[in-house]
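So, here come the structures, one by one.
Here come two complexes built around subunit A, the first alongside subunit B, the second alongside subunit C.
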Partner chain A sequence: MLAPALALVLVFILVPIGIAGYLSLTDWDGFTPRPEFIGWENYRRIFDDEPLVQAAVVTLVIAVVGTLFANALGLGLALLVDGPGRFKAVARGALFYPYIIGAVIIGFLWSAILGSNGAVNSVLHALGGTGIPFLAEPTWAIISLVLVIIWANFGVTMVLYLAGLQTLPGELMEAALIDGANAWQTFWRVKFALLAPVVTINLVLTMISLLRTYELVLALTAGGPAGTTQTITYYILTISFANGKLGYGAAQAVLLMVVILVVTVALTAMRRRAERDVAA
Partner chain B sequence: MKVLRTGILTIAGVIMLAPLYLLVVNSFKSQQDIMERPFSFLVDLSPSYLWDALTAPTYNVVRGYLVTAGFVIGVGLLCLIVTIPAAYVVARGLRRAHRVALMIMLAGLFIPSQVLVIPVVYVLRSINLMGTVPGFLLFETTLTIPVSVFLFTGFIQTIPVQLDEAARIDGASRLRILLQVIVPLMRPAIATVVVLNAVSVWADFVNPQIILGPASGIYTVTTGVYAAIGQFTTNFSAVYPNLLLAIAPVFVFFVFMQRHIISGLTSGALKG
Partner chain C sequence: MTTTRRRFRVISATGLALTALLAASACGGESQDEADGKKTLRMLVNVTPALPVTFYEDLVAPFEQAHPGVDVKIEAPTAATGNVQETLTQQLAAGTEPDLLGGQTTAAEAKVMATLPNEPWVTDTPFAKELQIDSRQWTVGASFQAQSLVFYNKDAFQKAGIAAPPATVDEFTAVLKKIKQAGGYTPLETAGEWVTAAQFQQLANAVVMQNEPNWYSKRTKGEVTFANSDYKRYVEVYKSWIDDGLVSKNANGVKYNDSLVDFTSGKAATYVMGNWAVPTIDQAKPKFGVGVFAAPSFDGKPVPQVGGAGDLYSVLNSSKHKAEAFELVKYLVSDKAAVQKQLVAEGNFRTGFSYQASPLTQEVQKIVDAAPGAVVAGDGFGDNTAPSGWSAELTKILQKLYLGDSAEQAIAAMDKWWTGNAR
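Our next item is the complex of A and B:
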């Protein structure tokens, strides 16, 4: 009963990773019949490739800032929309719906809103202002990208925090209140502490998914202006692979996988301490 | 306290829903009206822009829905057929080999599918499935395996083994135990996996774009939207209607099924 799943994983995940690993040690351009073996050369090149290093920085900013804000907002709003009531149900839907729309469409929609001739700038122009280069100026473009990413992602974390809140035993909150704790203390000392495992899951999931950010960049900024909002996956797909640098692109992909693995392990290990404190 | 809560939620709601309002209202306006008064609905509203998008020659919206729906259902079913038995064996298995099998299936959690798809192209080519629907479905199903197996394994481990044993004593085969005893109890986890897979397949862009490609003429909603407006992002009287058409069915579905979608997402997610 295991065979079909294992076969699929073997053929479509493990073998391709092997291929990527092999290609990353060659100078293959996608056409020449025999890729030439060049050892670690591709990996050495990565750190001297300025646009790529910049893409790595952008990715890191997105992952770190995005993860923190998406989780802080997700948890905060989960506390506000937890519980019965029609207003809360509508609010849950309104905060969560970007998740089901998908990144490509979110990117196009926000580019129509924030672009030079977009909805916001049209209003600013009509009011006699000069407009804001949300997507046209490098610093603004990064800020806009990160904000849209947070806008699109905190809803999912909120839903997972809601699920976590519902598993908390109500007696503990009551006991804390009886012992004279105020709302602030019950939140931090009881609810937040008990949610530690959910916080870990959410941080890891958000971080992994933001380290892969691609579609939103493609649709919102197309990496611009002048390549300043390219992420690593964007760079790999639209610069390296599209220009026939398959060996080099494979090296970048392998490195990204290693980074994701390391970040996941490190985050989980860091959070284990917080979780142990709950158990104690 | 309650006023503060209502205030914060109202502001957050406005920020979340404003893009949706712009999307709907501007889908009925001319380019000039969109540029001059994007937030207003007190202008000439006409369904003709939606009609133009619906009948555009670049890609057939209705066909895009059908193709996407087919993929969502196909991948969803394949995933359940493949992962439930695998998760059952692993969850009940005691041998080291089972733990290794689980690790192998979870390996994909760390793999960004957007870059994995490039070497997958070579695999698909070598087995003559590149650019075909079966090739796409197999790869897309594989991408659902890590999370699904992870959730199912954790969930099955919370089901007492004594149930399996009682059924075995009654003479049930392993497959029958799985189908008639375990699967009915897995409903919350199955709901979670179904919702997760449906959203990830529907919203996927890179894999249909690269594996099926514009050459195949098979467009999903996301690749179709990209083909329709990718180069014309400032032609707003085409952008807004196309985006509205792309999300309208999903959004209506979400509004009616919201409770089930959100509870489906969470009910099986935090066990085990």
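Our next item is the complex of A and C:
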């Protein structure tokens, strides 16, 4: 029974990882039939690559800030729209909607809103203002990118928190009320504590997803201005396919994979401790 | 032990079966091909608003009618960037490359292209010789594109009291200053994305390569540098335009399409772009007169047009239907109706081929006729090619000028990047 699943893992995960690992030790440009083996050279280059370091910082900002806010917003909204009622049902659907739109469409949509000639700046200009460089100035561009990423991701975290909230045993809430707990105490000491496994899943999934941010950057800022909003994935794809350095791009991809693995394990371990504390 | 071995066999067999299934599905086109008794030619093309997939399908329809045994399948780029080159690289890595490529390619890609025959239908095409790499013809174009063009709003010029288009860079700067002083227009429309580098090259390459047509090649050999060329002078001019507010300081946040709309809607007074912008400008029916002049030079002498072959086609070495693919390329670059259809789509040019051109295209034609030759655009072509990724890097370097970098920093960054990436 296990064989088909293992075969799928082999073909679709382990073999590609193996190929990426091999390519990362070559100077392949995507066209040469037999790439030259260059050992660890590509990995040595990574740490001297200034734009890559900058892309790593941008990715870290997106991953940390995006994960925290997408989860905080998702949890907050889940608490608001949890329970019966037509308005809440409509609100749940509407709030989840951004997540089902493709990242590229979201990027184009928000670039039409935030661009130098976009909707917001057109209104500001019409009112006699000077406009805001949402996508034209590095700090603004990063802020805009992170906000759009949060907007695009809070829907799915909200749905997972809703699922978690609906499995909480009602008698515990009642017991908390009888014990005289106020709303905050009920939330913090009962609901949030019992949601610990959902929090873990949400944090890990959001973090992994944001560490790989690509399409939204492509459609919203194209990595600009001046490459200041490039994420690691965006940089890897640019280096690999636009600059014809697939070997070097593969080395970066392997390293990113390792980083994601480490972050996932660390985050899960941290959350497991929190879950154990709740169980105790 | 026996159980483990059996398990391993089951896993291996399932893996092999899956791999075979995947391989069979990848070759699905060919099986279909053989079943129909038709040969399918897959052509990956550059898709733009002026050249949608339907344009290419119409373009190849007469060829398919004349060759009942051949079916041409037009494929749009699948890379997230929509870029032909990136898609080709990805397909090569996956072993799913097409038979033909329609679009600008680089020297690196020449390695996987078939050598085209030394026949008149190849040698008589625009820039055939310049496109060669190591005397090998691996790509061929149906038309010529001109890029060193400055479109201008005649109303804005009149309002600012400008009687004639500028011929020198200094005069151009003076014109932009007059427009700014008169008010009501962005003097020069620039944009983010690829536009930042493209516009700069459309202006600066014309000047720099006027005397050094093979500048890219010489830079790779280390015989010239940005710091010791007219690029330095042009970067200083460009920086002064930013500092003096002659371009929008928020231009980095403007997309290509929006920059075109800014010009056609009358917000900008001048716009540097290739002739492919003409059909869009014509279709927008601006409420003002649109004129065009050639990129200015430092000394007032006419400069060559940055440009080169357009509507390019190559055949991949790995194609199983090479003879048919060559036939298709021959049709695309030499059939009168096919060439004319391509010329009209982007307002391109070709000696010996004429079509009902708009007044603006006719003006561009006059500029092309008066230009002393042509020099490379973008990453260059043939032996005169920049290292892969040059245009993208130049975009970043120039956009930093808007963010506070000095001209000296930009020039130093250009030399540093080229030296580090030249092979």
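Following the convention adopted for this analysis, the second predicted complex is superposed on the first by the 271 of 280 C-alpha atoms of A that agree within 3 Å, B and C clash if a C-alpha of one lies under 4 Å from a C-alpha of the other, contacts with A are read in each partner's own complex, and residues count from 1 in each chain.
Methods note: a contact is a pair of C-beta atoms (placed from the backbone, for glycine too) under 8 Å apart; a residue touches a chain by one contact, two chains touch by 3 or more.
In this text the structure is predicted, and so the values were computed from the model without any measurement.
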item: Fit or clash between subunit C and subunit B when superposed on subunit A; value: clash
item: First (subunit B), second (subunit C), both or neither touched by A:Leu8; value: both
item: Which partner reaches more residues of subunit A (counting touched residues only), subunit B or subunit C; value: B
item: Which of subunit B and subunit C A:Phe96 touches, first, second, both or neither; value: first
item: A:Asp29 touches, of subunit B and subunit C: first, second, both or neither?; value: second
item: Touched partner set for A:Ala253, first subunit B, second subunit C, both or neither; value: first
item: First, second, both or neither for A:Pro16, with subunit B first and subunit C second; value: first
item: Subunit B versus subunit C as contact partner of A:Gly115, first or second or both or neither; value: both
item: First, second, both or neither for A:Asn243, with subunit B first and subunit C second; value: second
item: Touching partner for A:Pro225 - first (subunit B), second (subunit C), both, neither; value: second
item: Subunit C clash site on subunit B (candidates 98-106, 188-196, 206-214 or 242-250); value: 206-214
item: Subunit B and subunit C footprints on subunit A, overlapping residues; value: 4, 6, 8, 10-11, 104, 111, 115, 117, 214-215, 218, 237, 241, 246
item: Residues on subunit C engaged by subunit A in the complex (per definition of touch); value: 7, 10-11, 14-15, 17-19, 22, 79-81, 83, 85-86, 89-90, 92-93, 106, 108-109, 111-112, 192-193, 248-255, 258, 261-262, 388-389, 392, 395-397, 399-400, 402-403, 421
item: Residue numbers on subunit A that touch subunit C, as the complex places them; value: 3-4, 6-8, 10-11, 29-32, 104, 111, 114-117, 121, 131, 133-138, 141, 214-215, 218, 222, 224-228, 237-246
item: Subunit B partner contacts - residues on subunit A that touch it in the complex; value: 1-2, 4-6, 8-17, 19-20, 23, 77, 80-81, 87-105, 108-113, 115, 117-119, 122-123, 126, 151, 159-160, 162-164, 166-167, 198, 201, 208, 211-212, 214-215, 218-219, 233, 236-237, 241, 246, 249-250, 252-253, 256-257, 260-261, 264
item: Complex contacts: residues of subunit B adjacent to subunit A; value: 5-6, 8-9, 12-13, 15-17, 19-20, 22-23, 26, 34-39, 81-83, 85-86, 88-90, 101, 104-105, 107-116, 118-120, 122-123, 138-139, 141-143, 145, 149, 174-175, 178, 199, 202-206, 222, 225-226, 229, 233-234, 236, 239-240, 243, 246-247, 250-251, 254-255, 258-259, 261-262, 265-267, 269-270
